[in-house]
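Questions regarding the structure given below will be posed in turn.
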């Protein structure tokens, strides 16, 4: 801190800073240098559960699982599937059976060697209705899982499915051991680069280096301390004062501010996390396609993106993000057509001044801004939107999909199929929860896309899908958010992934 | 005095029981479907029913209350729905940290408040009085979280003088331990000071205007003794009750302050569990907080008895 | 108890009273004074510091902070007023009845209120607001219910004081009915104390409302009371401080003004100043 | 001058010269003390007498430097040869406690409730004499014993709330005298005490004066008390010293009209005829006296002439040596008395009773409160019990009042006399016994059925500060009973209110006033008018004149007498002041601890045979030095024992019979009865001090 201020021009502020630092007695010198290889990361929310299969919300949960556990496969920052516990895999020709070959010599943190039965146990657990894992629907095509030999497992599917290796990279698919499952919520045992040390809810979660990690030379850090700091004002201040070394998932308003900092930096990547507005096609007034079209026309995606995210997001057509190869760059994402919307509304006999309640899960300022901005647009079209901010958990449990009109958002998924199929296919899980969209044409396209292994064919099909949804969308996916993290300048090599992840395994600190 | 103690203890027990019933009923009046909350979006009515049965939600309310209350009494606060960990250790941890914050704040508030109040009363109508009242007006005019933000901005972000978040174990050294407490304690103090100061001022003024102070002066005691021995001793008695009352506000303030300063205490835990509708956590947190408040009031009552000779020494001696 | 006429009004009452009147007038006329609709966005003018076009600057939507302040004053004052009315409406009759009837009625009322008082103040409100969807009225009711017990206590103690007044016994010696006793003999003598208490309660409600908004249990955007404005503005507290500073100052002024009125009244009504 | 041994002329101990005190009130200045001069010689005792607002306490305040920053003091205060007015506040403070002791009016608030009594007495010794605390505490105990407290060690360790009023005042006197001051300032030291306790304190003070030679500056409103303690007296009126001289000569031959009026207003301790009225002083004291414009007493003076208001009055020497501020210099006629048309003494028969009380009792217990239940763990076994009830406030009382008759009820504070009055009006419900009004047992009636009775029975209270609702105008207060009982057509009410005001001798325009705009006497008149608005036949007067100054008290007593005669009212006249009761009553009942111990016509009660308690009351109230009255150790007998309630304090205590057996009723005549174990002959014999 002092070096930094010496290097910069001595302004009044920095002079004051130095003076006060000098004046402060050593006793209450606040910022004690942490041991060199302890990384302290601030997260805004605490992990909900330590049980990987039961995780529902992202954020800190995913990061903890990622660093503490391993999965069969993993995805690199370019969303390409890479080996993790499985070193290789292959499918049968019809894509209905997948075989994974496990890495030999992998040990759990308690020393127990990993074998194929752990994989089978984990996936059976995922498929167990009583466990209630959100991943179950992603693997609904799995008929059975066989242990071929201690280092080989085979998944037998009911339908052809090309993206199984990518699906297996999901965080909830982290491999657990049956023998340690009873303590999984208190003292989880995984195979990841870091071992669990302790978790004090509301305070911090401590991980330490796993010396037996299967990849050589990693991790470099001795310890990772995940601190829970709900206010970003506070966590950014802590980052600047050196009380933490990194801040996870900065909101847009903090990104620009932190970019000015001399002691910390921002690493920002485009990510697949999207936010938008959902309307329930089974409920009035959205059972009328004209109303849906009218609402689509009200939305000025670039403008809302700017208001909600201050430029730290990209307007998009569907959950397929603009940086994805399949994204239809040729379709313009334009402004609103209020007159057109009004005309459609008139046709649908929606009176001027029609009042609609819009439910918004709270604790997410961008989403609130999105809703507020949309409200403004709707007002111009003669629709009176009343916002109802609800506690997020309450929203997800009781309102999502049960109210006609809401603002919502989802984390990015690994493959185009996982990104759209659950939302837009008439049998899709999220579709049936959220908005009940039924379009046989779309179904046909999505089914075709998921069963082909030909990339060009897929690109064409998903391109068509994006076009089909332009008008008739059961909601509006407005933008995909950037993922930005703040780092102290002494932190190096933390991999920031568009999947909202900080990979600490290669990270290091300079003194 | 013994009768007084027994009476206060009895009253506190009755209130705790009433409170536990209230907490139980209020949380069970939650319109949310707890099982759906626990199981998430993909739960089916059957799995929900099974869980409800396992949790005993299908039993009559009095039975549920009895089970809950008797478990509580044994220190078993159940499992957090969300974290699936026992609530008790988490709660006691958080309570311990909140208690540190609360006790430090109470100490600062009571000493500073009493001192300011005495100064204001002794120099009533003159500048120390006005200064004290402006200061306290100012402090109480904004909610805790705002002062918290302002203090973070000044001492954390701008001056980098003090850590603006979290908390340090005593094991990490006395310095960091204290440093982490300075800002939250200051914030709480700022908002609570007014109440104590004003009450001390008015009870001190009443004492200074009393006949016994006049008599003490007529005995030729120096003013210092008159103020400290005669006036303050009596002015302290009502202050005890006020401090206990402020403890209630402190608990409220702690909820906001802990959020602002990322202080891992019970208040934040409560707000979190409310937002997530984590029933066992919520019940336990509310019950413990009210219990703490009850104990604070009880302590004040008992202290009141000790300080007030009318209660300590009952009968007349003719 | 009698107001000493001829006594000069204390400065605090004059200043506070003027401020409160001004605030009430401003918030009553907010719709006409406000230069912009409170929810009108000026996308290009976001985060502007105070200037001649936007007197208190603009917020993250480019909305005029000054206009929002004015409209927000309505919500904050409405919250404070409604909550106080509710608590007075319940607390005063209860306190008067308890003090007047004494005996079992008194015990029943006061012990029930003791249980309410045994809840740390914010707990009850949080509980109510957490279990049901938020609305301003509900917040007001919750805060109002919270203050019932202290108001009833004050009312009761004043009533008890008055009960020893011989005019009360004279009325009883005439065989006056309960209604007359409470409304004509007691109430006119209680209200001066109640006004002081009410001012305290309004302040308390405004502040608590802000805390609830901060914790996410308050009013719904884009409507904004000052608490929510502060809460929303806190993300920009170092880049665009006016967004949260302006409502902070407004709240501070309001709270101080109301407190001044309360203290001034207390000084007028009771020269010895009884604290509570 | 009187009792002190002749001594060569010495320098005065305290000399006050041209003392003037002004208070600022808003923009105005108010004269509290104007040009007062007097001297107190060593060992002497001087009383300053005057009604409230006369400035007498300000004089004491000036000596003690207690007036506060709002007061402007000029003139000289010489104490022990030193002008202390010129000293620094700290120097003056050091003088207090050591050279000057002070005792104030209200012993109940003058002791610090949070400190032990002994500590408070020891305090000045530690401060001024430099004693160590343990030694000072030892001396405090001795001092308490000096004050006539037997269990001094116990009292020294007690907290103030554990002591009775008289005991507190003794402790305060002990503290004031702890360092052996040469001057003791007593500011109404006995006003808050019962008459028997007052007598004891006065005896104590005069003994201390004899034994220690301390000089007394005694502030009082009561001329009778002054006679028992002081050599000299200074009478103050409206900030001025109007008369100064030897106590006996001033009291016997007052030279100033005000002194004369003050003395004449005091009722004598004797039964009065129906036609007798007290000599009252009309009008009231000016709140902002301006002595420069002429005699301040002129507006109220029956002897005033034009000349009185021309020039300020000077203090002149009267023929018998005392100083008077009146140009007439003592040459005055007798104080005029209110003329009363001859009234026939009414004769009451046992048969025609208006109020008949039989076996009436009231015990305040908290049965209704469930918090009265207590958990006892004292004996190891938890036990739920209810706090025992108190001693009965009114205990088995039987008497009757005829129409038009005044029954006086005398007793010390806490004896149950007010409770009895409220029971008669059913403002409190009795625990047992019956109350008949006009032949109907109203004690059995439900509250709703009491309306006709309420109209006929009314009450006037003691406390002029709270007897009127401060938020109602006089007119509203008087109209309410008219409206409630539908007595007068609404249009007629204003006229009726004015008639009522006229009846109590207030101008009709007063109906627009609010209570705070009235003086104490005026408020009491309004309260009387309100009680009489319903044209009752029976009025309970609960100490109606006790809170008023002597001169005002006389006008109220006269008014009550006039109204009694005009409307044939029956009163239950409650007072602690035997003389006032005697002035108005046909019969008198003496009450002690809830029991009536003697009842009879006024003349019978005031003359032997007496109940021992009546005897003590009479002796204590006498103007002369009261006889030694045994205190009695009141706690030695258990509260609520079955015997005589007065046994513990009785000077004629007969032994165990008094404590174990209720006293028999000794009937002296058809109207006179005494409840005592002593037989009639013994009762007639036993005269204290005789």
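A, B, C and D are the chain letters, set down in written order, and residue numbers restart from 1 in every chain.
Heads up, the rule we're going with is that a contact is a pair of C-beta atoms (placed from the backbone, for glycine too) under 8 Å apart; a residue touches a chain by one contact, two chains touch by 3 or more.
Given the structure is predicted, the values throughout are model-derived calculations rather than measurements.
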{"item": "Joint neighbours of chain B and chain A, given as chain labels", "value": "C"}
{"item": "Pair with more cross-chain C-beta pairs in contact, given C-D and B-C", "value": "B-C"}
{"item": "Distance between the centres, which are taken as Cα means, of chain D and chain C, whole angstrom", "value": "47"}
{"item": "Mean-CA-position distance for chain C and chain B (Å)", "value": "22"}
{"item": "Whole-Å gap between the CA centroids of chain A and chain D", "value": "87"}
{"item": "Chain A and chain C: spacing of chain centres that average the CA atoms, whole Å", "value": "43"}
{"item": "Per-residue multi-chain contacts in chain B, two or more chains", "value": "32, 149, 153, 157, 259, 274-275, 277"}
{"item": "Residue numbers of chain A (touch at least two other chains)", "value": "231, 233, 363, 391"}
{"item": "Residues of chain C touching at least two other chains", "value": "130, 216, 234, 237-238"}
{"item": "Pairs of chains in contact (touch as defined earlier), listed by label", "value": "A-B, A-C, B-C, B-D, C-D"}
{"item": "Touching residues on chain B, where the partner in the complex is chain A", "value": "32-33, 36-37, 39-44, 47, 50, 82-85, 90, 93-94, 97, 149, 152-153, 156-167, 172-176, 178-180, 182, 259-262, 264-265, 268-269, 272, 274-277"}
{"item": "List of chain C residues in touch with chain A within their complex", "value": "39-41, 43, 46, 60-61, 130, 133-134, 216, 220-222, 232, 234-239"}
{"item": "Residue ranges of chain A touching chain B (in the complex, touch as defined)", "value": "1, 13, 16-17, 20-21, 24, 26-32, 46-51, 54, 56, 129-130, 132, 134, 136-137, 185-186, 200-204, 227-231, 233-238, 240-241, 243, 363, 391-394, 396-398, 400-401, 429, 433"}
{"item": "List of chain A residues in touch with chain C within their complex", "value": "231-233, 251, 253-254, 256-257, 303, 306-307, 310, 362-363, 365, 368-369, 371-373, 375-376, 386-391"}
{"item": "Complex interface listing, chain D residues touching chain C", "value": "26, 368-371, 422, 425, 427, 447, 450-451, 454, 457-459, 461-463, 466-472, 477, 480-481, 484-485, 514-516, 527, 530-531, 534"}
